[in-house]
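Please find one structure pasted underneath; my questions will follow.
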Amino acid sequence: MTTGTELPPPGQLPEVHVDPSMLRQLAESQVNVELDTGDMILNLGPQHPATHGTLRLVVRLDGERVIAADPVIGYMHRGYEKLTEFRTYPQITTLINRIDWLSSFANEVPFISGAEMLMGIEAPPRAQYIRTALTELSRIATFLLFLGEMGLQVGAITPAFYGFRDREYVLNLIEGVTGGRFHPNFNRIGGLKDDLPWGWYSECRSTMAKVLASCDEFENLVVGNPIFEQRTRSIGIIPAELGAAYGVSGSNIRASGVDWDLRRDGKPYLPYNELDWKVWTHPDGDSFARYWVRLQETRESARMVLQLLQQMPAGPVMAKVPRIIKVPEGEVWVNTENPLGEMGYYIVSKGATGPFRVKIRSASFSNVSILPWMLRGVYVPDIITILASLYFILGDIDR
Amino acid sequence: MPDDDATPEAEPEAASADGDAEATVASAATTLDPEATELLARLEAQLGDAVIEHGAAYGDVVVRVRPDAWLRTARVCRDDLGCDYLSFVSAIDWMPAPLLVDEGSGDTSTPAQPRETTYGTAGSDGRYQVFAIVESTQGARRRMVLKTDVDEQDLRAESWVSVYPGADWHERETWEMFGIEFDGHPALRHLYLPFEFEGHPLRKDYPLLAREVKPWPGLVDVEPMPGEDAGEEATPAVEAP
Amino acid sequence: MKREIKGMLTGLGVTFKTMTKPAVTVQYPHEREDPPTRARGVIALKEENCTVCMLCARQCPDWCIYIEGHKEQRPPRREGGRPRSVSVLDRFDIDYALCMYCGICVEVCPFDALFWSPEFEYSESRIADLLHDKDKLGEWMQTVPEPEPLEQGAVSK
Amino acid sequence: MIAFDIGWGTTLAIKAIIVLAIVPLTALILGYVFLLKMMSHMQSRLGPMDPGGFHGWFQLIGDGVKFMQKEDIMTKEADRRVFALAPAVVVLSTFLVFVVIPAGPRLVVAPLDVGIFYALAVSSLSVIGVLMAGWASANKFALLGALRAAAQLIAYELPLVLAVVGVVIQAGTMNLQGIVGAQQNGEIFGWGGLGQPYILTQFIGFALFMIAAQAELTQPPFDMPVAESELVAGYMVEYTGFRFLFFFIGEFGTAFAFSALAATMFLGGWSVPWVHGSAADVLGPLVLFAKVMLVAFLMFWARFTYPRLREDQLQALAWKWLIPIALINILVTGVLKVAF
């Protein structure tokens, strides 16, 4: 219908053979022109309740259905890899437990064990056991928050409060030992800063009982709830091989049926082989599976902590370490099973008191990179379910 | 292929106390357990002469390949070696950072890195190197560190997005931080930094501005006592750890 | 269909059961829940131990410790000996607006002049008032608790 | 009770003013008892304790004052008149419902013969208010919330009405006073002691009414329009200050209204089996209030426990489950009515 071109006089219109399919297509184009429904571009974030911090999701909607989603990150970028080049090893420990601030003790473990490998120092067994216990406690704290948070994102207000209430007991435990609830800064090259305070074992056992009870509560309140099932079953399915290609790790990939847990399969960094525990997987790979796997892993971690208390060896918590720590030259890659996924540090040292280059591989960065693929053709409420089920932390993405 | 031994040449003076630890450090760094050597052999069988050098870093195989075989390496790793999981793709700038502060001022706020340029395991023939780690989630669950050199004048590398879609964000971040172009990457645009940001922050010659703005509180010296021993140096510059 | 109904009802059961049980809230200003003895609330300074060696200021990652001192002449310990020259602290400020409570200064101090205290009620209305001088840090010395005994199996350092 | 005759006009005006005063009060009570105290105890916390001394009773009044003195922001691109009018329409529908709810033999503003039909018709006015709010705030989130609200409220009108048809068949009249009377002196298999609250015979109707009322109030599990984790506050997102207070009163006033309707139709409203005549005028409101609190407890209990259904799932629930069951219920009631 391009106007402006001079039409030939009526009598001499060229004889045009029009086949029927052309007519239908012409009619349709006519309709589209009138109903010119442009797509709506919606900005979810950076201030949005469902983005756990400052992730911005630019979403192109057709009605309520997503055509394309493009996560915009970097609002929380603190430039850690640049900062590590200007700091000594103890100073970097305080830095890196602020990457995934929910399970901050678990961030320190790979960096410190990497430095210990470079220096050829072995932390004493009691320190290894306390490290494992505190890593599992921070895993429980992170997952308890997730179990409540997922309920909140899907609409139920109450589970979030149960999650926070039980997480307080676990944080008090961690604060009792390390002095800091969120940023323990308790790891030293060669062991730990201090030993357990008096009465910690009994408090830990009673807290683990509370954690197991709260897991059953979540089972009844959320997993058993048919509305929750309807909202999360077959929503946001991650196929196993595509997940691996995107670098998705942790409970997200185990929920797609990949039986891969760095605590058992990776390089031995903590005495997990001395405990008997099970790696939980789920075949479906949807949001429900991710919630279910994390619920079982919380229970597994609580049982692990109880075993650790049983077999805790006596002895010192700090190996013999020279006062001025100079890490010999070399490169090491240490990756551990953090609550959010595979967290690893590639430390390049040139024999100084600080590393030359540290590549920080954080779990949520890759877990979120699959979002553009996953969110195609999804409803708006399901975006929130998928974001909640992936469970990322912004500090982890932006480093 | 000379098995380049990555024993640390510079004998760190402070670690003299644990001489024996020194021996274990050297051995742990270089020994490769049978699985790793077998993985390396299969890779070399596939790639032939593209593998320039390889080394060991505490149980992981580090392999340096020619830049033009970088994409082929990825495809070999994923299809033949079963490394279906991409951990990350990043880069290293081997040039030692320029000294921010003049030598004698006793400013020990930054750890003193050695001044001469040394390359890590499996060496490098230029300032920049792109390196990646692939792991396998099935079977033997092994890991491999792959490195390739980047020509300093023309910072280019092949993009892995066609083999590992996850590399998309990693390569965008590496381009943003180091300025290395990735050929075949769908959309190289800023990931962390605002779009009008110039410069590549993770390069060693990029200054850390926060440290130039504020004077270092550790520099303040205790004034010497008035009168006779003013000459004596105020505070013995304690060798800060 | 029966499984769904049972699922819905157990959910209601959980909330009702919680409603009947006592709440866990600690009403802060009236009831207090004091933090564990090792809690890192604030850094207290014992001025007599400090020899102005500047290690803490140098090691602090946030550069938030400002120290100034001068040297003084002290009478010799034994009467015949040479007069000792000692560094005396003029200013020891910690800027709690910058401090991230990492504890490197407390640990790195060779003369045990800095201590952790679980005190946490020192918020200020103006951020500039968070810069506390050595008298305030000295006052907090009273709130520093005795180090608590260790769990069995621990080797006291 | 009132000796001199003051004409029906003034009595109507007085009753209307009383209703105008009651509605915000009921919203306050319901909000305080359930939203603040019950919800917090269900989440093992105490809720407000300090304001007003005993258990923070002053909290909501304080909030009201706070809202009133807050600045009334209207976004630049907002459609000014429609933006200002929207809360009024929503609250209007709440006030109109109260006109027909009986609290005693003579304590009703207007005992209309079409009572229940009028109440349900008027309650659906709020849809227009919600759409106006969503459209006028020129905010994408608000627009999404309003469209969802429109679809949901219209979809749940039908089960709401069908659930009530059973009661009307059984009571024989649509006049709410008539329904209450029928329940008071009906008897169950010959024993008239407890009267015949329709919840015993119409329990399906009661369940359907409660589910549909939950959807009308956009409360979880049907709070898609005000999904705080997605649309932040749905159509209310751009409203601040006094206008937001209107929405709050509208929401909890309608909750009270629907609970009152449910109590009247299924639990016998203000009637207590043995009390008749003038004593009922005194006791009626208290009894009605107690029954309303019971029904509201059920509503808010579900609100604090369940997650949110996606809008296509809740539409499917309405059309595929609630409406067929309602129709079967009407059929059965009709057959039984004719048989006995």
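The first chain written gets the first letter, and so on, giving A, B, C and D; residue counts start at 1 in each chain.
Quick note on the criterion: contacts are C-beta pairs under 8 Å (C-beta built on N, C-alpha and C of every residue); 3 or more make two chains touch, one makes a residue touch a chain.
All values reported here derive from a predicted model rather than from experimental measurement.
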Exercise for review: Can you figure out the chain closest to the middle, judged by Cα centres?
Suggested key: A
Study note, to complete from the structure: Most contact pairs found between chains A-B
Check your understanding: In whole angstrom, how far does the Cα centroid of chain B sit from the Cα centroid of chain D?
Key -> 66
**Study point:** Distance from chain D to chain A - Cα centre to Cα centre, in angstrom
**Key:** 42
Exercise for review: Compute the distance, rounded to whole Å, between the mean C-alpha positions of chain C and chain D.
Suggested key: 54
Check your understanding: Taking each chain's centre as the mean of its CA atoms, how far is chain A from chain B in angstrom?
Key -> 25
Point to revise | For chain C, residues that touch 2 or more chains besides their own | key: 8, 11, 14-15, 18, 24, 59, 108
Review point. Counting only residues that touch at least 2 other chains, which ones in chain D make the list?
Key: 42-45, 304-306
Point to revise | Touching two or more other chains - residues of chain A | key: 87-88, 158, 162, 165, 221, 225, 227
Review point. So which chains end up touching which?
Key: A-B, A-C, A-D, B-C, C-D
Check your understanding: Quick one: in the complex, what on chain B touches chain C?
Key -> 108-109, 214, 216-218, 220, 222-225, 229, 234-235, 238, 240-241
Practice item. Would you pull the chain D residues touching chain A in the complex into a rising list? Key: 39, 42-45, 140-141, 144, 220-221, 223-224, 227-230, 232, 304-313
Practice item. Provide the residue numbers of chain C that touch chain B in the complex, in ascending order. Key: 52-55, 57-60, 63-73, 85, 87, 108
Study note, to complete from the structure: Per the touch rule above, chain B residues touching chain A in the complex are 6, 8-10, 12-15, 17-18, 21-22, 24-25, 28-29, 57-60, 62, 78, 84-88, 90, 92-93, 97, 109-114, 118, 120-121, 131, 133, 135, 137-138, 141, 143, 145, 164-166, 168-170, 177, 190-194, 201-202, 204, 206, 208, 211, 239, 241
Revision key, fill the gap. Touching chain C in the complex, chain A uses residues 87-88, 90-91, 94-95, 126, 158, 162, 165, 168, 172, 175-180, 183, 185, 193-201, 217, 220-221, 224-227, 229, 312-318
